[in-house]
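Note that chain A is present in both complexes that follow, paired respectively with chain B and with chain C.
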Partner chain A sequence: MLKQHPTARFILQRGGWYLLTFFVAVAINFLLPRLGSANPVDIIMGRSSSGLSAEAAKEKEESYLKEFGLVKLDASGKILHNAAGKPIKRSTLEQFGNYVLMTFHGDLGTSFQKYPKKVTDVILQAVPWTIALQLPTIVLGWIIGNVLGALAAYKRGIFDKIFFPFAILLNSLPFFVFGMLLVYYFSVVLGWFPAMGGYAGELIPSFSLEFLGSAAYHYALPFFSIFLILAGGQAIGMRSMGIYELGTDYVKYAQWLGLKESRILAYIFRNAMLPQLTGLALSIGTMIGGALITEMIFSYPGLGMAMLTAIQNNDYPVIQGVTLIITTCVLIANFSVDILIGFLDPRVKAGLQMGGN
Partner chain B sequence: MRVTKLSVSGLPVALTVALSLLAGCKGNSAKDAGGFPRDQTLYLGGSQWGDPSTFNPLAESWQAAWPVGDRFNLMYEPLINYNSQTGQVEPLLGSLVSKSNDSIVIELNPAAKWSDGKPVTSEDVKFVYDLGRKYKDAATAYVTEFISQINVAKVGNTERLSFLVDKKGRNNPLVILDLLQAVRIVPAHIFQPLLDKNNGDLSAVKKLKVDSVPVVSGPYNLKTYSNQKIVLERRDDYWGNAALHAGQKPGPKYIIHPIFKDNNAFAIALQQGDLDASQTYIPRISVKAKDGVGTWYKKAPYFVPGSIPMLIINVTKEPLNDKAFRRAMAAAINYGDIKELAVSGYANDLKPGLIMPAGLEAKYYNEADAKAHAVAMGAASAKKILADAGYKSVFKADGSLDYMTDKTGKKLPSLSIKSPAGWSDWEAMIKIAVKSMREAGIDVREGFVDASLYWPAKPSGDFDILMDKPSASVTPSLPWSRFEAVMSSRNWAACGKSMNENQGRYNNPKAADYNPKVDSLLKAIPLLSDESALKKAYAELNDIFLDDQPAIPLVYLPEQFYEFSTKTWTGWPTEKNPSAPPQLPWVSAGIKTLWNLKAK
Partner chain C sequence: MKMLRNLLKNPMFVIGMSLFLLSLLAALLGPIVHKVDLNRVAESYAPPGDGLLLGADNLGRDYISLLIKGLRSSLYVGFLAGIIATTFGTLIGIYGGFKGGWVDDILNVFTNLFIVIPQLVILILISASFKDGRSLTLIGLIIGCTGWTWSARSVRAQASALKSRDHISLARINGDGTLAIMIKHVLPYLLSYVFMVFIMQVASGILSESAISMIGLGPLDTQSLGVILNDAKANGALGDGIWWAFLPATVIITLTVFSLYLINTSMEGVFNPRLRD
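Showing the complex of A and B:
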């Protein structure tokens, strides 16, 4: 039946693959932190047991193991021990089952390191900062970068000769170095901008003009630290694509036909745009993972930092929670790109109608 | 050629203009706007790094957010305070009446009140100290190893608490003194009902965040917090204003701890005057004096030494089981370079042994004695010790060390120093130590590992050499606690099992070469009160340490990097004005600084 609806078939087929990818990714995310030798309770004990007697340390360790649900309990809630007197740990498979069950109930568990904080709280607090830091940067950087790149490709000449090396310079600059330079010059030397934080120290987040103003003021340096480099990269990509398209046969043919220049340009940019569009969707999808180093330099409390501290402490629930969000976003972004390209690029649709994938 | 105006020099200029426009429209107005006026607000930093998780005073110290947990006195208070500068015990909720090998007696201050108006009583004290007897997972469970019983007597209208030394247990009145200034008293009339409501389940109560109008006894209380900062507000009805501070209120109405993610952020904020005090490592602090950044001493070493980072040696491994090899390592390290290059010269010169030759411990340090037992310093001395013990170092053609052999000609494994990756001051120390040891022909390498591998390796002895800073806080029990942490075989367990002191497995009680003197001295010192006997015992212990070298101290570091800015607040304690110890004004006796601070 779906033969008559190639678009629906395409979406379903893709969706199926993505669902499979999702499950594999979740399983890997679950398994990876557990493959290492260090378990979170060992880390906590190494940090907090100094000076305790062996007996007291053992009791404390067992109370953590129980609290974090890493050991088997009997009916009365006591820890089961093996013959050697060691607590019996729950197997990874059992933990996985428990995790999947809880996730379906919307419960991502409790952080070990930020105990008794819920993982959902950790994520909800960090996500707005991550999105606020990156979404405007990515969108604006993409638009301006592409416009400049297209101009450079079309105009060439002196504009391109100066613009292109400059864009390459920007693009090859690591953005954390650029960020630190910005902090040094505009914050330490000139003192125009705050060096760190998401808003002024004396404010409490609210929807007041004052708070939003302060947030925007604090946003200036982090914004430019990513924006310029991103725009540079986009411009380079757009420029090369544009130049490539300019040399293709269909452009020459259109020129021989005597089509209007604006019409030809529209064709060129529609085609040159495709990979750029994919790039945009992907960056928005991966954005949720956080711009770790920018977050560190500017002390933005985003997801990147949350993830880093979680990994350093083998905080399983937070690692799982954050990777679950990242996986979901990346897959959704990829899926949308696939669908979008299907609509925008007639070649894909044509391929489908002819019975391809 | 329509858009050709953007040139190479044009873009940075455009950027500067754009940024200056943004700066212009906001200007510096953001600096003094908002609910917390700058001249009433004290900005402190360096204690909270991640977003705050809980303000529950019953939570473990590492879990609780600043200023709950640890030795922080702003919200919850201990019975007594220890002044790390004078060595005196100072009164807080109570005062020290007497101290003997049988008991330590504390008198509660009858004026002490909770923020809900109820008095602080012996019930509150007993509640928190006895929690560990009922619940093994209580944060204070370990106190039961030291205190057998708490007796309460009424003298007039004051309550006297006798903390009886558990003679069958650890028999250690010295540590009880540590505990009395470390355990914060919590309101029993709040937490007992919470426990009852949860059917006596402590872990359920520990899960509560206690972050909304908590009942506290301290001079400040939690106002609000987010993942960017923690805000405290002064309690103008704090009982101690009248009882301890002659009716004065602390200077700052608000205390804000911004949460930054890296050391540099604190350094910049301090330099810009956005932060009033910090406890983070800032290189080249003297350059920042022109920006109003001050330290305890105006000149080097700037800070007061308080702790000793050291290499803990796993003496069960070959060739580290050989005393001569360990002494050769100690001889080879260039301590001068570590002091100058790794910690910016923020330290006194290192003297041999585990006793610091400065501050309160100096009276136990015996220069002549230490010299007699310490190994002669320098690469030549190290090479001689190695040669005498039959070790050979084989160098490559380019002069770098290839490998070592022992006296039988067997090739020795390369040794690694385990230390958490990213702890930059420790990394710098280790790099210098490794360089000087390799030059002397000792095959040692850096082993920087993730913190998640470092912490579990420590108690289980899973290392050749471990970087550590035992007894990092200045407490009444120093230097005993440092010796205990490095040399005690009280809980000896083989590698693989966990040991919470002496992780290098020194002095195995079951081995033929066991030296019972070490453990007997460690047991005896806490019970000694005669100064000359103490001096003798410490000297003996230090001699054994130097002879056997189970660890190698690298440098002295301050307990805290206490740095302040005089841009907004003045009255900070310094060498010239020692009104409080060199601590941030939330730690122990450092809290007195709050009453001395004046806004400019």
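Showing the complex of A and C:
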């Protein structure tokens, strides 16, 4: 049945591939934090056990061990002890099994810093902000960057001479550098925009007009700092693609026919767009990573800030939870781009491009 | 030689190369020209002025000394990560692309997996687990070991395009082994390309280091441009308008990365004549 629907087959294949990637990501998320110094409980105990009696320290350690899923539990959820009264440790494999089971139940553990708040709650609070900031920025940055790039390729001349070096400069500006410069100039020097936060501090998040206005006001600077850099990068790629397309016969033919510039530009755009979409799929991880750091610069209440706070407080469960969510978001974004490619690429429709990653 | 002459005619290349050499010179000769002193020499955030050209940081340390030290660290991390990532990427890419078959399939799956999982996430997870003893070299190693993916991908594409060329078939008829062909007949064709990959890897190494340091997971044993920015952010220098705490460092990072991008773009233009005017 799928033979008749190459697009559906392509999308299913890609979906299977991302599922595999997701499993690897979960495994990495579990393994990497265990690479370094011993186990996290020792580190936390080293900080928080001073001033506690031996009995209290032991109790605290056991609660952490349990929290992290490091020890064996009996049926009622109590820690099993060996003959010497020490808790029995789980093997790494058992820990991993436990971690996977909990993750797929949507349980990412409990935050240390905001005890007893669940990691899932910390993340759920932050995710809407990150999506609201990054999704429109990446989509708009991609579209506008590509249109400008195609224009630069087509026009060349003075427009290109000014535009291209400017785009390279924008592209080589690290996200956080540009964010800092914008904050400094527009918030500190000019005082036009707020320097930090996602809304005025005295407001409570709601759907009131006042709150939405404040959120929009706080949105402007982070939006532009991500948007401009993204658009610059896309424009550079589109420009080279466009110049390549311009050398092809169909463009020359269209010019001889005397077609309108905008029409030719549309043809070029359509053909150069697919590689640009593939490029987007490859670089979306880097984009989201950079945008998260921009969120930190602006103390925007999204995932970036949740991550920064967690790192500053050695809040391992939150760090791990946030990295997993970021990876998941990147995978979903990638998959969406792939679906788009599935519908736009004539080769996929013709059933030609089946296995390629 | 002709290639070099073509490059030197390209203003973008000349500007990029001059900027990069300037930054390299500042890092190498900086300590000779300006005595690097990381002790408290002034008040916290003393403004630029007499004796201190760029003022002092929150601990009263001379910013010029910090910046020289930071630039040296950033370039060191950039080159370390760049060399590791380019070597890994080139080896995996050439081997996979040229050899094909199941080895290529496995390498390809592996590469694509790690292209999709964001490098920043892996960097954060590893760096956060090394709470003590997170050195500059360790960070360079981690960045290099996580950044090779896209260079493997692009080198692979180039190598597999070369596979069916006539001179390769001739070498095969001649009885050369695969390894010998790769070294003698594939690598030389890719050298300029690999060099461009290397330049981009150095740039991305510098950026990754400053990004990870910005988050507060930077090296604990030395200064780096990212650490300077992190200190500035953590102490609220940005909101207080203390421009000398972050502006010089951001300008140095940007210009260094910009110079590398310029070199790369201009080389692309020389190798791909269609992009030229």
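Things worth noting here:
Everything below uses one rule, namely that the second predicted complex is superposed on the first by the 222 of 357 C-alpha atoms of A that agree within 3 Å, B and C clash if a C-alpha of one lies under 4 Å from a C-alpha of the other, contacts with A are read in each partner's own complex, and residues count from 1 in each chain.
We take it that a contact is a pair of C-beta atoms (placed from the backbone, for glycine too) under 8 Å apart; a residue touches a chain by one contact, two chains touch by 3 or more.
Treat the numbers as computed from the prediction; the structure is a model and nothing was measured.
In the superposed model, A:193 lies in contact with chain B only, and not with chain C. Contact with both chain B and chain C is seen for A:183 once the two complexes are overlaid on the shared chain. When the two structures are aligned on the shared chain, A:314 is found in touch with chain B and with chain C.
Looking at the shared chain after the overlay, A:323 reaches chain C, while chain B stays out of its contact range.
Of the two partner chains placed by the overlay, chain B and chain C both lie in contact with A:297.
Of the two partners chain B and chain C, more residues of chain A are touched by B. In the superposed model, A:340 makes contact with neither chain B nor chain C. Looking at the shared chain after the overlay, A:60 reaches chain B, while chain C stays out of its contact range.
By the touch criterion defined above, A:168 lies against chain C but remains apart from chain B after alignment on the C-alpha atoms of chain A. Residues 36-37, 43, 165, 183, 187-188, 195-196, 296-297, 311-312, 314 of chain A lie in contact with chain B in one complex and with chain C in the other. Listing the residues of chain A that touch chain B in their complex gives 36-39, 42-54, 56-57, 59-60, 63, 66-67, 111, 113-117, 122, 125-126, 129, 151, 155, 157-159, 162-163, 165-166, 183, 186-188, 191-205, 210, 213-214, 216-217, 220, 224, 228, 295-297, 299-301, 305-306, 309, 311-314.
Within the complex formed with chain C, the chain A residues making contact are 17-18, 20-21, 24-25, 28-29, 32-37, 43, 156, 165, 168-169, 171-174, 176-177, 180-181, 183-184, 187-189, 195-196, 236, 240, 243-244, 247, 282, 285-286, 288-290, 292-293, 296-297, 307-308, 311-312, 314, 316, 319-320, 323, 326-327, 330-331, 334, 357. Here chain C touches chain A in the complex through residues 12, 108-109, 112-113, 115-122, 124-126, 128-132, 150, 203, 207, 210-211, 214-217, 229, 233, 238-241, 243, 246-247, 250, 253-254, 257-258, 260-262, 265, 268, 274-275, 277, going by the rule given at the top. Against chain A, the residues of chain B that register as touching in their complex are 1-4, 6-8, 11, 15, 19-20, 22-23, 26, 30-38, 41, 43, 50-51, 53-54, 59-63, 136-137, 141-142, 145, 203, 206-209, 224, 226-229, 231, 256, 258-262, 264-265, 268-269, 271-272, 274, 450-459, 470, 481, 485, 490-491, 493, 498-501.
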